[in-house]
Amino acid sequence: MLKGKGIPIFITFLVGMIMIISFFIPHKPFGDIEKISLNWYSIIAGFTMLLGVDSLIGMHFRKLKRKDENWFFSLVLILGFTATVVVGIIETVRFGTAFDDKSYFTYIYNYFIVPLQSTMFSLLAFFIASAAYRAFRARNFDATLLLITAIIVMLGRVPLGEQISPYLPKFTEWIMQVPQMAAKRGIGLGISLGALGVSIRIILGIERSYLS
Amino acid sequence: MGTTIGIWIAAGLTLFIYSFLYKDNPFYKFAEHLYVGITAGYWIIYTWAYVIQPMLLDPMIKNKQFILIIPAFFGIIMLTRWFPQISWLSRWSIAFTVGMGAGLGVTGAIQGFILPQVQATLVPLTGFNFETFNNLLIIFGVLTTLIYFYFSKEQKGVLRWGSKIGITFIMVAFGASFGYTVMARISLLIGRIYFLLSDWLKVLR
Amino acid sequence: MNFFIKLSKIDRRFIYLFIALVVVLPLIFKPKFPVVVSKPVQDVYDYIEKLPEGSNVLISIDYDAASMPEQQPFLEALLRQLFKNKLKPILIVQWQLGAPLGTMGLEKIAKEMGAVYGVDYINLGYRPGYVAQMVGIGKEIRDYFKVDYKNILLDSFPMMKNVHNYNDIALLVGLEAGSTYLAWIEYAGGRFKQKIALALNAVSAPDAYYFYQSGQIVGLVGGMKGAAEYEVLVDKPDLAVAGMASQSYSHLVIILFIVLGNIAYFIEKGMKNKEGGK
């Protein structure tokens, strides 16, 4: 019985209902129950981070053990991981927090994580330029409309547009605030209504895919 | 001294990653794996410093809030996913977080999204001026976009036309998003190149 | 005619090289471009200008190094305005990998403006479970942040003595790289009527315009361009303004790419139609 889905479905229902009831009746005892549940949620959510880390490190350990083709890079990953954790522990002891400005943990952040992460994402600039060149075609009316809007916005949102004509940024702002805003709101409302439906189905135990 | 070495390391790693633009190579792979490893290590220290210590250990030890054993228990059984025999336990914590998300989601979506957004679409259509024209476009755009997404099965008559107008608005929106995406990506590149030219090569003043 | 078709099949590395050049050259030669302030950005600035001295402004760091060039310049410009107007920033973090960026910006500008930690500003760091936290702060911020980012008790700081929940916060400014801002709007805004201003990455900025029209946010700063506008407003042009020439020219080049690509496409299509007609 313990292993079944009964208990989890009951927990979901209970917690979900507490949140809804305490929204409408924020007084005792619901207000306090809500407050405690929120705090607990925050703590439990903190643990989810560890889940991802473990499966990642586990996977690369196995690769290393099997001496897979790219085992060297798995070693790099594991060494990077270990070094960061060790430095973090040492600096926590030394400064009381690893996040002190003078700690080597902060050093790792500044000179490893920042350049690696930001460069990784900046690669997308090259890819989007190349994609625009190769794939962005005015095949039909809809595609042409998309293309023209994109070009107007690209010009109107940079200072160069202002130099071409002061009306260009104004027109761009109008596009952003009227037609594009209307469509995005339509899409947003659709998503929100959908999410509302899913939330209700989850609380009522109809939607259970998260338990599989 | 430490800063100078740091900048050279950062510049080296930046170039390792850019080497991918020529073709995939060991330098890129090295940087990529190093990034993932370091980030994972960072998360561990983070979880300790900002979750376990201030939200669990300190309140339990300093303030004797032993009730926190319950969320700690739920947090720990989340990790039973690693052990197949008892992995069913992790469903309890998932159920807690999902239930919480769903409960908050219901009230949040209605009060914070759907109601204010519908209200903001009910704009006045009085007077014969540019504002009325814009308001008309807003109402039309929202409605036809909804029609496009919600009545896409069988479209006849008014619905067919509504959906056709809807797709026009959607294309304008996607075009704007594309323009903004280009802008975002280029900004990131500017940031990196600025670092290389300024902090590393000291070409910029 | 064939020239365009050949050109459209050029090795992608030439395109990469070209993009790199249009970013590098303007940074070196610094052509001047006027940065004109748009209304959504002006609205954020004006709202803050009208806040009474001593008001608390909650800043949420919801980005990381991946969007540093878009968000960091705005953070610095915003902090300059806050300290100048004797407003008190309270920094919190929802994206754990961004926390040191927030600290870096805060410490840099605080030092520049002579602000004192714990009196004029404070840094609370990160806590998990963002939605729960956003609702929870509506009751008592200490339920989540009993201590600051260095584990020091909140009550030991003079500026936090009377700060308990959203009632004590004049404005929330979210610096957003993803969709965390939706939760701020739905919970802090919807439920607790907290006034919110947003700085969004350009990728997500278009999606937030309807919150601007509905009045759920007081204003909106989009991407590096928005940050450049803010730098102009606080009268301290910095990194974002410096990037605007590169931004302008790269957009122009990408537009050129699109046009060339389409010319080739239509020529090819025309040739195929002709062959089909024969």
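Should a chain be cited, it is by its letter among A, B and C, assigned in written order, with residues numbered from 1 in that chain.
The working rule: contacts are C-beta pairs under 8 Å (C-beta built on N, C-alpha and C of every residue); 3 or more make two chains touch, one makes a residue touch a chain.
Quick caveat: nothing in here was measured; it's all calculated off a predicted structure.
K.L.:
Make each chain a node and each touching pair an edge, then name the shape: line, ring, star, complete, other.
P.N.:
Drawn as a graph, the chains make a fully connected set, so complete.
K.L.:
For subunit A, which other chain has the most distant CA centre?
P.N.:
The chain lying farthest from subunit A is C.
K.L.:
Counting C-beta pairs in contact, pick out the pair of chains that comes out on top.
P.N.:
Top-ranked chain pair by contact count is A-B.
K.L.:
Taking each chain's centre as the mean of its CA atoms, how far is subunit B from subunit C in angstrom?
P.N.:
13
K.L.:
Roughly how far is subunit A from subunit B, centre to centre by C-alpha average, rounded to an integer in Å?
P.N.:
3
K.L.:
Express in whole angstrom the distance between the two chain centres, defined as the mean CA positions of subunit A and subunit C.
P.N.:
Centre separation, subunit A to subunit C: 16 Å.
K.L.:
Do you know which subunit A residues sit against two or more other chains?
P.N.:
23, 37-39, 41-46, 49, 97, 99, 109-110, 113-114, 117-118, 120-121, 125-126, 128-129, 132, 147, 150-151, 154, 157-158, 176, 180-181, 184-185, 188
K.L.:
Where in subunit C do residues touch at least two different other chains?
P.N.:
As it turns out, subunit C has residues touching two or more other chains at 16, 19-20, 23, 66-69, 96-97, 99, 125, 127-128, 132, 135, 144, 151, 191, 206-207, 210, 213, 225, 247, 250-251, 254.
K.L.:
Among the residues of subunit B, pick out those that touch two or more other chains and give their numbers.
P.N.:
Answer for subunit B, listing residues that touch two or more other chains: 21, 39, 42-43, 46, 49-51, 55, 100-101, 104, 107, 109, 113, 117, 120, 138, 173, 176-177, 180-183, 186, 188-189, 191-192.
K.L.:
If we count contacts the way the header does, which residues on subunit B are in touch with subunit A in the complex?
P.N.:
For this pair, the touching residues of subunit B are 2, 6-7, 9-11, 13-14, 17-18, 20-21, 29-52, 55-56, 67-68, 70-72, 74-76, 78-79, 81-82, 88, 91-107, 109-110, 113-114, 117-118, 120-121, 134, 137-146, 148-150, 166-183, 185-186, 188-189, 191-192, 195.
K.L.:
Quick one: in the complex, what on subunit C touches subunit B?
P.N.:
Going through subunit C, the ones touching subunit B are 13, 16, 19-20, 23-24, 27-28, 66-70, 96-97, 99, 125-128, 131-132, 135, 144, 146-147, 151, 182-183, 185-187, 189-191, 201-203, 205-207, 210, 213-216, 222-225, 239, 242-243, 246-247, 250-251, 254.
K.L.:
Help me check something: in the complex, which residues belonging to subunit B touch subunit C?
P.N.:
21-22, 39, 42-43, 46, 49-51, 53-55, 58-59, 100-101, 104, 107-109, 111-113, 116-117, 119-120, 138, 173, 176-177, 180-184, 186-194, 197, 203-204
K.L.:
Okay, in this complex, where on subunit C does subunit A touch?
P.N.:
So the residues of subunit C in touch with subunit A come to 8, 12, 15-16, 18-20, 23, 33-36, 38-39, 64-69, 96-97, 99-101, 103, 107, 125, 127-129, 132-133, 135-136, 139-140, 143-144, 149-151, 191, 206-207, 209-210, 212-213, 225, 244-245, 247-255, 257-258, 260-262, 265.
K.L.:
For subunit A, which residues count as touching subunit C in their complex?
P.N.:
23, 31, 34-35, 37-39, 41-46, 49, 96-97, 99-101, 106, 109-110, 113-114, 117-118, 120-121, 125-126, 128-130, 132-134, 136-138, 147, 150-151, 154-155, 157-163, 166, 169, 173, 176-177, 180-181, 184-185, 188
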